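The two complexes that follow have chain A in common; it is paired with chain B in the first and with chain C in the second.
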Partner chain A sequence: MRFTRTGLVTVLLVVAALFVGSWLTQYLPNPDDFRDDPFPVAGAVGEPVRLRNSEFTLTKVQAAKRYEAFRQVAATDGVFVIVDFTFVPLTEPGILAGSQNEVRATDGRVFGGSPPLPSNCGPTNPGLPVTCQIPFEVPSDALVGLVLAIPAENGSHSRDNVTEIDLGITPEVAEQFAATDAQVSIHSSRPVER
Partner chain B sequence: MAEHTPERAKSRLEPWRKRYALVSDILTPQRIGLLLAVALLGVVALAGGWQAVEGVEGPETPKVAVGEKIVATPMEVTVRRARHVEELKPSLPRADGYRYLVVSLDLTLRHERYVSGVELAPAISLDAAGLKTTPLRSGPKINDPSLLRGLDGLPARTYQPGLATSTIVVWQQALTEPIPTEVTITFAKQTWRQSVLDGGWGWYDPAPVARVTLPLEELDAPA
Partner chain C sequence: MTNPTWWRRNRLWLLMLAPLLLLAVATSSFRLVTLYLPWEWSRPTVAHAPTGTLRHQFLGSDDVRREREVTVTIVSARSVPSSDGILPAPGAALWQIELEFVASPDQILQFCTIELADAAGPRYGNQGGKVDADGEPTFANALQFCVPEDAPGPTLESFTGQLVPSPEERPATWRLTYALGLPSDAEPTELRIGWDRPEYLVLQLP
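Let's turn to the complex of A and B:
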């Protein structure tokens, strides 16, 4: 095999083209980057938020240093943000596990998982709303701008409907929440009185 | 016209080439590679086998003083005290044949998402004889510690990002063992990766990063 100048230039050009191509691809949209993204449905306190299989209305947001459920008391080094909401499945009986909901801070932190004392919402039948209370334990530096994320299906915060409800915690409210020493008694899920 | 073909200079490898030509139909390059691989396995076997590597101790885990901050990804931990007790109601009921060894510490999660206590527990281990084990096919395995919340004594089901949580780490030790005067607790960093079994993301592969030796006191001792 003979090496010629033309051959050498061709090889260099091919290598350069491959290099530029691979460098450019990192700036192109990659399906993996958004394949798992949720389909958020925005809302605010007092507004019904309709997901594909259920409807939520956030009715109250309060803070506590301790909360009581099932004759036990949970305490925190941070703040318990307790959200009250109504939940109504639209087509099939539904239940919402307390551990499946999240609140998201403006700095990207996500709070949730199993609370110290369990709290569930439901079960209930389609068209029969229930009221629920779910606590989230957060550090006081994350309170401002918290957003509530409730998934349409338990455990599915991706590729599906998820609420995006602003809890309305302003810096002033956050200050009050951080200073609270309240103890709140959490009720279990119960039917809405009409 | 007389022609002249220059004679090619003899390579110094020529004698070896001739010798190899005699056996080249048997000793093909693939077979030579195979023989070398077999020889390598033989040497490894004579040296004790691959298993021997597991017994080789890595670099010693650094010692850290009580009260000093330890970063063991995704945790940041400060160890406070170690105590022993046979019963502490309602969180630690009396257990037949076992006492509790408890270490109190502050644990802050340094990850952007909440993590369950069950995922963090394998990263904390205690050096003490007679700890409760679970029988497995591969032999008895020391149980991961239970994590309790220091403020309310409830199980620490979840740790939230950036929230310093006072925590009680609990092991069970057989009553037949003498109560140690001091214990060493080791913290391991973990790696956030996808499971090869189910594809789910989690914290795996604990690797020790720090150990703390502290006296073991009776739980009734004044704080």
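Let's turn to the complex of A and C:
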């Protein structure tokens, strides 16, 4: 084997390139850090929010200490934040399971899962909206700035569209919500005129 | 800096770069082909007519692979004000569809999925768009009963996989009527019917 000047330069260039490359990679984003990130679609009360397969319009946000559904009453030491919204699938029949929705507090806490009393939205066909009410049990100190997260696909809060709807709960509203002693009767999913 | 000699020496690999990249993309799509598409209605048999035959293999809940062959004909499809006590929901129209099925008595055909589709693309199923006389939604199962009630033919128990024989032999031909709630401005052009994903039959509305 014979060492040449060109060969030496090539080796040095390769080593330098490897060094620069490995140094650069520490500044590049790691796929594990964002692979499961959702694709949020922001919105506000009264605004239609379109996900890839459905559209939601949040119409009302209210608070209750107890709520009634299917002739049963659920009570809480915190607050039930009850959201009214319309849901309409866009391309194929759809149903939104009540257990799939979440509200997220500004400090990162997430509330949701199966509500004390079952509440699904739909099923319905594309172009035929239904109106639904879904309650979330939340501690009083998490009310300000709550955001509603509804996934495009039941069971999938990652790698897919998720709503990010600001419930509009200011500190003043949160104070009123926390002081509520109301009992709200929740209706089941029902069709509404377009 | 370009070196013509290097380019000439490696021209074969350079030419192969594009097809190799395409091959890499194709091989990385195995999840789509083996995990996703088999669980979706992804393999249509398009009849281009109101009648057609679906032939495919399916894996039953007893882990046995069987052949299925069934011919379906749309006898009629029309918008009606009500059907069997069911009314259209606000903003909806009720479509009544009569289907004729032809299959040998040993075919397992108990539950199927029936959908209407319009030229714009959306698919409309059995659920939603229907209310009762009091205006309450009549939410139904997405699956439809696709055999005569008194002679359903052989059925498979969902959990045990046990094959249950028919109480009486199913006739070779039978007719059933379905009602689907669609938006009032939808104009369905085709009907999709399937028993086990991913194969389904596409029929043109008469």
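As a working rule, the second predicted complex is superposed on the first by the 164 of 194 C-alpha atoms of A that agree within 3 Å, B and C clash if a C-alpha of one lies under 4 Å from a C-alpha of the other, contacts with A are read in each partner's own complex, and residues count from 1 in each chain.
FYI, contacts are C-beta pairs under 8 Å (C-beta built on N, C-alpha and C of every residue); 3 or more make two chains touch, one makes a residue touch a chain.
Being a predicted model, the structure only gives us computed values, none of them experimental.
The superposed arrangement places chain B and chain C next to each other on chain A without a clash. Applying the stated contact rule after C-alpha superposition, one finds that A:Ala142 touches chain B and leaves chain C untouched.
Within the superposed three-chain model, A:Arg109 lies in touch with chain B and out of touch with chain C [touch as defined at top]. By the touch criterion defined above, A:Leu117 lies against chain B but remains apart from chain C after alignment on the C-alpha atoms of chain A.
By the touch criterion stated above, A:Ala75 is placed in contact with chain B alone, chain C being left untouched. Think of it this way: put the two complexes on top of each other by chain A, and the tightest Cα contact between chain B and chain C is 16 Å.
Overlap of the chain B and chain C interfaces on chain A: none, as no residue is touched by both. Of all residues in chain A, only 66, 72-78, 99, 102, 108-117, 137-139, 141-142 touch chain B in the complex they form. Partner chain A is touched in their complex by these residues of chain C: 89-92, 115, 121-129, 131, 136-137, 139, 142, 180-183, 185-186. Against chain A, the residues of chain B that register as touching in their complex are 112-116, 149, 151-152, 154-155, 157-158, 160-166.
Remark: chain A residues 90-93, 95, 122-130, 188-194 touch chain C in the complex.
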